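For reference, the structure discussed in these notes is given below.
Chain nomenclature is as follows: A, B and C, assigned in order of appearance, with residue numbering initiated at 1 for each chain independently.
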Amino acid sequence: MTKKTMLDRLPLNDALFIGFCAGSMIVCKLLFRWHLGINGHAMFFTVALLMLARGCVNYRWAASLTALLAGLMAMSIGLGKGGPLIVLKFLFPALVIDLAALLVPLFFYSVTGCMIVAALAGASKFINSWLKGYLLGMDRIVLFQQSALDAFFALLFSCLGALFIPSILRKLKARGVFVQPQQGGE
Amino acid sequence: MRRNRSDLMQMMGSAGDTHILTKKWAVMQRVPVAVRLVTCLLLSAFAFIVRSPEAVAVLAGINVLWFVLSGLPAAFVFKLIKPFVMQTVVLLSLYLLQQGYPAGLSAGLKISCQLLLTLVPGMVLLWSTSPSQLAQSISRFLPAQAAFVLASSLHFFPLALADMTALYHVQVLKGARLSLRDLMCPWRWPDFITCLVVPAVVQALALTTEIATAAKARNFHNGRRSCWQEDS
Amino acid sequence: MVTLSRGVIFMAEFHIVSNLSDKAPLVALEKFSYAYDEQDWILREIDWSIAAGECHCLCGATGSGKSTLALALKGLLPTGRQQGDVHYRFRGELPTLQVGLVLQNPESQLFARTIGAEVAFGLENMAVAPHEMRARVEQALATVGLDFPLSAPVTTLSMGQKYRLLLASMLVLEPRLLVLDEPVAQLDEIGLRDLRYLLRRLRQQGVAILICEHNSEPLRDLIDSFWRLDAEGKLSPMDHIVAPAVFPYVPNSSLTEREVLFHAKGLSVSCDGQQPLWTADDFSWSQGQQVLVVGGNGCGKSTLLRCVCGFLAPLAGEVRLFGQQPQPKTLRGRVGWLLQNPQRQLCENTVYDELALSHRLAGGCRKERDERVKTTLIMCGLDHLEQRSAHKLSYGQKHLVALASLLVNTPQVLLLDDPFAGLDSYYQHRVQQLLHQQSREAGTLVVRTSHHQSSVTDQVDQLHTISGGQFATQSF
């Protein structure tokens, strides 16, 4: 009997919805290139769509898969800074969201829960920036300040993006569009 | 297992192949994409390792060569540097505050260069490689279902967008305030969610179900597949 | 060889799939029942079979279970409750591979950029060797009469050609049973004629055909047996097709005195801002008129509606709505647009809330809201559904709710994108009645689009036809 891969457990329609969320992330990044010079504004759509993907699809790593697909799409069209490393930009917040969903699945339906997870997802940019700067040999204090600045804006935009996720998911649930499991997912 | 490259290649296709350049010295165009990807990753990795200003300068020179041999036009240099301007300003300011002048300036410039050099090889690779070539390389490493999802998400995205646009028109006529300017007012966000976001998500879910059913009606499955040869 | 108009050639070549004199069923359902998760049975104890070369038609209102039955035959039902059996007389481990299924929406079934790749998609899924694909793809395309290079983009095809491409994509897999879900709604007259010819040939080759269609009149000469799925999910044979209800048409004699609401001068429209879809002579629409715009899929009917509302600028000429250039923001509540699949535009959880939302968005007074909503619900016959979830109603009821959410503001203009598509005769009658009432009593300009014009049900004050790049006007 053929061993089932991880993807076999993900129904094709859910995989396609994840693909649409990933595509939406890229389209929003393209459309809303706010030339403010403020780091982190892209996190608004990134976190919102990652949470939407994980909230709508009953699959343990839905957000991470969305991030991977978004990264591959961004690479394909040459979007963003960093080339192939753009995948990591999407992946870190996605992993935070997936892990939070594993531990507290119902956080999606609570504004406080979503804001906390979004803040953590945004703050993952701190780790990303800190790690990069540490490997580059940055001055420790400057490294901390730079990472904190990057993370601050990312955090702010992430929280904004997550603000209405509970409302959206409640309305979807009321329509009987999907049924979310109580624990973790497939 | 043979991967299905045809669907990703179809999706990208010749219409998206704007990065194929014909300069004689663009030797990197003749190098396989996988080799270019490895080179790009190595160049990025070196940017993390170098410490002395001389080493940074040498690496910068190698990256300039990488840029030139990739065949990108000179105007792309500005496009390359522009995203890093703000970051460089912030870094320099922090270093100057921390270490004063001139130590802070030289240290800040060195780190900014290193940051730039971690990301430039990747950007040059993506701008100098056609989407179809990239898609072909990516699909080699993806399971059939993932390759199909990647291709179909992009292929059907315009359809989803057209559905959403029709919905937007209907709701605007009803009186919903959905323009970007209206959305600057937070009290309009609940109507935006109710009138556009939720119906759009429902539409997307319905569309993905239709697409999945249609694919399975043509016997699609996450297993061994062959590949249509477009050019033969 | 037979030559049809526009140089389409059908070649009478297809594998003979069975002995035509063998009348044993190819597929049989035995006491088959199915229910989606946590819902009532949608199919109940279905006994049905089809033999090689036969053509059956499954009729029933939208939502009665026709598509569910089609999915059952292909083995694509989602998890739910199932009883009974499906028997196949096909060889091979997976008999459902020999069932071809063409679903309702062609746009969501076209996966590739080129014609060759589209037809080959099924062969790729079956891991057919690449060197074998070309011949099979070419044969399938020849069978349906699509004479295009394999590298031709799919986007250049008309809707009728796209439907034939989908058929080719199924036929390349050599199905024994071909199931078509609501083909009539996708095709104009020429497309239907080509489909009739193709299905006739397939029958001669021994392919069994099941057509799931609530409007089977255009294909009746092909069909051996009619079946009906009722509201309870039971299947029974039908002797005859029920003719669509005829709504008594009353000409509006006072139209010449009415205010002109929309005027177009030298109008030409385009999707891409370059190539015109059609050009028109001057025309206008007045208060209380019923207007019908007929044209094939993709001819520019929806583009016209977008120009009317100001969402799209005309390529040439000018339009005036309420005496000025249309601006969508200024049309709040004055213009209502009903999409072809109106459940897409339902937002709220209950029927009452849906109408109340529309009333509020259009700037209606809060004090009047309750009375206005209730009056509209009574007018539309939806008062007994006030607190029900709009999303759990039948297709026809959802249609009425979406229409009611527009009528609650008594719009001056109503734009309807093929409003009768998918509706059974009862709900068609209800919708026609409401539209007629609105135009005659409230003076609403009602503009409908369709890709068919039925001589009996579509009696209107003004008819426009879009064909060959021309927008023609005919007043009655």
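What we mean here is this: contacts are C-beta pairs under 8 Å (C-beta built on N, C-alpha and C of every residue); 3 or more make two chains touch, one makes a residue touch a chain.
From a predicted model like this one, the values you see are computed outputs, not experimental measurements.
Undergrad: Based on CA centres, what chain would you say lies at the far end from chain A?
TA: C
Undergrad: Write down the chain pair with more C-beta contact pairs when A-B is set against A-C.
TA: Result: the pair with more contacts is A-B.
Undergrad: Would you mind pulling out the distance in Å between where the CA atoms of chain A average out and where those of chain C do?
TA: Chain centres of chain A and chain C, defined by C-alpha means, are spaced 38 Å apart.
Undergrad: Cα centroid separation between chain A and chain B, in whole Å?
TA: Chain centres of chain A and chain B, defined by C-alpha means, are spaced 16 Å apart.
Undergrad: Mind pulling the residue numbers of chain A that touch at least two other chains?
TA: Residue numbers touching two or more other chains: 171, 175.
Undergrad: Of all the residues in chain C, which ones touch at least 2 other chains?
TA: Residue numbers touching two or more other chains: none in chain C.
Undergrad: Touching two or more other chains, which residues of chain B qualify?
TA: Within chain B, residues 152, 156, 194, 198, 202, 207, 211, 213, 215-216, 220 contact more than one other chain.
Undergrad: For a test of understanding, state which residues of chain B touch chain A in their complex under the given definition.
TA: Listed in rising order, the residues are 12, 16, 19, 37, 40-41, 44, 47-48, 51, 83-87, 90-91, 94-95, 98-99, 107, 111, 114-115, 118-119, 121-127, 131, 134-135, 138, 143, 145-146, 149-150, 152-154, 156-157, 160-161, 189-190, 193-194, 197-198, 201-202, 204-205, 207-209, 211-213, 215-216, 220, 222.
Undergrad: In the complex formed with chain B, which residues of chain A make contact?
TA: 5, 7-8, 10-20, 22-23, 27, 37, 39, 52, 56, 69, 72-73, 75-78, 81-86, 132-133, 135-139, 141-142, 145-146, 149, 164, 167-168, 171-172, 175, 177-178
Undergrad: Along chain C, where are the residues that touch chain B in the complex?
TA: Going by the criterion above, the answer is residues 71, 74, 76, 97, 100-103, 105, 107-109, 111-114, 116-117, 120-130, 133-134, 151, 169-170, 173, 302, 306, 309, 311, 328-329, 331-333, 335-339, 344-348, 357-358, 361-363, 405-406.
Undergrad: Flag every residue of chain A that touches chain C in the complex, lowest number first.
TA: 171, 174-176, 179
Undergrad: Tell me, which parts of chain B touch chain C in their complex?
TA: Result: residues 4, 6-7, 10-11, 13, 151-152, 155-156, 159, 163, 166-167, 169-176, 179, 191, 194-195, 198-199, 202-203, 207, 210-211, 213-221, 224-230, 232 of chain B touch chain C.
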